[in-house]
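Below is one structure, written out as structure tokens, with a few remarks after it.
We call the chains A, B, C, D, E and F, going by the order they appear; numbering starts again at 1 in every chain.
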Amino acid sequence: MKHLLYPGSFDPIHWGHLDVIRRAADLCDRLTVAVAINHSKKSLFSVEERVDFISQLTADISGVQVLGFEGLLVDLFREQKANAVVRGLRAVSDFEYEFQMALMNRSLEDSLETVFLVPSQERIFLSSRIVKEVARLGGDITSHVPPLIQEALREKLGS
Amino acid sequence: MKHLLYPGSFDPIHWGHLDVIRRAADLCDRLTVAVAINHSKKSLFSVEERVDFISQLTADISGVQVLGFEGLLVDLFREQKANAVVRGLRAVSDFEYEFQMALMNRSLEDSLETVFLVPSQERIFLSSRIVKEVARLGGDITSHVPPLIQEALREKLGS
Amino acid sequence: MKHLLYPGSFDPIHWGHLDVIRRAADLCDRLTVAVAINHSKKSLFSVEERVDFISQLTADISGVQVLGFEGLLVDLFREQKANAVVRGLRAVSDFEYEFQMALMNRSLEDSLETVFLVPSQERIFLSSRIVKEVARLGGDITSHVPPLIQEALREKLGS
Amino acid sequence: MKHLLYPGSFDPIHWGHLDVIRRAADLCDRLTVAVAINHSKKSLFSVEERVDFISQLTADISGVQVLGFEGLLVDLFREQKANAVVRGLRAVSDFEYEFQMALMNRSLEDSLETVFLVPSQERIFLSSRIVKEVARLGGDITSHVPPLIQEALREKLGS
Amino acid sequence: MKHLLYPGSFDPIHWGHLDVIRRAADLCDRLTVAVAINHSKKSLFSVEERVDFISQLTADISGVQVLGFEGLLVDLFREQKANAVVRGLRAVSDFEYEFQMALMNRSLEDSLETVFLVPSQERIFLSSRIVKEVARLGGDITSHVPPLIQEALREKLGS
Amino acid sequence: MKHLLYPGSFDPIHWGHLDVIRRAADLCDRLTVAVAINHSKKSLFSVEERVDFISQLTADISGVQVLGFEGLLVDLFREQKANAVVRGLRAVSDFEYEFQMALMNRSLEDSLETVFLVPSQERIFLSSRIVKEVARLGGDITSHVPPLIQEALREKLGS
């Protein structure tokens, strides 16, 4: 796999995502992290902020580029001439949705293969939603996100 | 089973629904497709549009009637003197919710039996929500909905 | 649905099975309960015993016939000219296997439709295997099987 | 376990919750039912109403106190010097989320142990959301909530 | 909870079990670890060996006793005058079976409550079966079982 | 990914496996299909037969080698200097087991990454076990296995 595409909301990125990025980067020559702009779902951080966070946090991993994207993943996939899409596999409910998306994407573009990686065990139940919930209530999220994100959440949520 | 009732949102109807309709129609003398009016969840198509689509798409299947309904399924069930409710069974998360609804409906009316059918394999992961998401972003949904719905989505979403 | 086929091991029949039989019988004119002879899996009761138990326990339900069968369900389905196969839907792991069987059977005979019924809530987690385990250890299974089966288990297991 | 903490929305409390309260109270000297104030998710009943309902409905169970709380469960846990958190375990989708919360809470406070109880079988698929849905449409929820809650739902929903 | 009962096969005990034992012991005054003798399923270690291993490995935890038992859990529960049964909750398939057992045990003895604990995150997918498989093939299981068990597996399997 | 390792029993290989082989071969320069010799589980076909079948059926796919192996996957992985292990992801119960294996393998060799691929939709519920069951009873498995395997099953099972 020369070029892998890792799409997501990353609102914000947490250690589970970074773990998948490292594993995926090890398996390919080039990894594109694609931050989705979703107009219908309000995000906490702007796409520029999210791209910037990931860029800083992956600066030491060679072959990683980060960009924002709008529209269909399949269009980005074609435009980027990627070889496959990568996703982290977490809990069961997640699995169902990921399956559904992988099959829909394949129906849109037959060559779009989705490969799933298993994050490190202590990240399997982590999600951006739960990180935000806890941060909003003033909880300590030190072990779930990098210091950069912790700081950004503190500022954004005034917590 | 003389008379089956197939309730749902059908917003919009896709090939998975039509597959279940054909299978259910084969098992009974009369099939009522009941389009739910849900005031709390905004639908993309009005109930009139949805009823109209299904009527056109099932015109060639004998014994099928389509109607809109508001309120409790159990009231429609009694009013229509149906013998059972039919539902398509898809992925796992779905299964949990369907189970819950079947048991709640039985608690409201002891004779309300829910029978589950398995849609054709290539439709098992299909949902109206994912069809709308893809259509909204300009994706090609030719293989998931009939041309009539494809056209209607294009007009509605201006995509 | 004129004629439903309810296949299973029924080794032995418990209240969950009987609940499904009653519900299924209500939905059709004729219900055939088909006791599978499985040479590779040793059963506790012989097929004759199992057929006999079910016959006695369903004697009061009109339209029910009980028989043993060997080989493919699809062959029995054709021979019996049944309209559909009925199965009780229980817990999640079960659901996976049932799905798999329903799809395999459809691949063998396109017209073989499987309809799933939800057993009464207090039977959802019941299985013949667990009933036998408890009976073997001398536990009281009064609430899970009819007296006839309780007696038969006591004799068979000498418990 | 001297002191158990049972947190939840209880919007409104139903027989499944009350079943868990009784089981939990039997296992400890003191049970604190903690009604969560969630500013981001609109509740049907105010926290005062919910606390009041539960207080009335648990008046006959010794050792139960009811209170409203805002913020992190872990802070309440420390403040109350509780020994463990108790949760009712229902269907599968639920299980995933509960697992996630239990692990997040443990990451926030190493000594916060979550113990799960299985509600009585006929309550396993019950949820406040489905109770409200049915009540809103005028359905009979007699078998799912105590008369006090039934009355309150009728007044609140004008149904 | 004064007295908790933790039943299982423990063939052999691994870090996931020991984690549950420590958590359970923290929640009660007295914890009985009950090693099941199962005549129908061949175990790798004898019940005496298994009891001995657990006794050694829990010698430093106060209030823990270990014993072998045969027959129904419910009989041991009554005999031991335990307050509840404790089980570790792992993956999803497991959850189904545990639910089934908890409900069956409650049907045998109304006061038998099962409380579930979540093991430490890095043990959630661990099982005795997989430990034995890996040990049998000569794999390094250092991180999954204590040295005592590692040694015992080496001797038993000659690996 | 230069070199992928695809381990399994392949007893016998079916269209779902072949689908995964094609997808995996597209993603790497070299794919090793590794047929497991499992002394404790009796296989229908010998490892030589299974290797031979797969070799014939993948003769037209460049970069594929097939071999039998005994012992730990991790040893083969090191010996073959593979970059990752590939597995097809099917139904839910499967997912649990695959997760467990992927984590155990990683614990044995930190660099052993498992990547999961989604088979073509009509193969998602297919398994060797169900193919054998149906073939044993004389069922038509034309749509699930290649003619070569169909023939071999017929000879082996005399059906």
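To be clear about the criterion, contacts are C-beta pairs under 8 Å (C-beta built on N, C-alpha and C of every residue); 3 or more make two chains touch, one makes a residue touch a chain.
It should be emphasised that the depicted structure is a prediction, and the values quoted were computed from it without experimental measurement.
Student: In the touch network of chains, how many steps separate subunit B from subunit C on the shortest route?
Tutor: Between subunit B and subunit C, the shortest chain-hopping route counts 1.
Student: Out of D-E, C-F or B-C, find the interface that copies C-E, where copy means more than half of the contact pairs are identical.
Tutor: When the residue numbers line up for over half the pairs, the pair is C-F.
Student: From subunit B, which chain is the farthest off, judged by mean CA positions?
Tutor: E
Student: In terms of CA centroid distance, which chain is the most far removed from subunit C?
Tutor: Looking at centroid distances, A is the chain farthest away.
Student: Can you give the whole-Å distance between the Cα centres of subunit B and subunit F?
Tutor: 38
Student: Taking each chain's centre as the mean of its CA atoms, how far is subunit A from subunit D in angstrom?
Tutor: 34
Student: Could you work out how far the Cα centre of subunit D sits from that of subunit F, in whole Å?
Tutor: The separation of the two C-alpha centroids amounts to 47 Å.
Student: What residues in subunit D touch two or more of the other chains?
Tutor: Residues 92-93, 96, 99, 103, 121, 125 of subunit D each touch two or more of the other chains.
Student: Kindly provide every pair of chains that touch.
Tutor: Applying the touch criterion to every chain pair yields A-B, A-D, A-E, A-F, B-C, B-D, B-F, C-D, C-E, C-F, D-E, E-F.
Student: In their complex, what parts of subunit F are in touch with subunit C?
Tutor: Interface residues on subunit F, with respect to subunit C: 91-93, 125, 127, 130, 134, 137-140, 143-144.
Student: What part of subunit F is in contact with subunit A in the complex they form?
Tutor: Answer in residue numbers: 1, 23, 26-28, 83-84, 89, 92, 95-96, 99, 102-103, 106, 113-118, 121.
Student: For the complex, give me every residue of subunit E touching subunit A.
Tutor: Interface residues on the subunit E side: 92, 121-122, 124-125.
Student: In the complex of these two chains, what residues of subunit C are touching subunit F?
Tutor: Contacts found on subunit C: 71-72, 74, 92-93, 96-97, 99-101, 103-104, 107-108.
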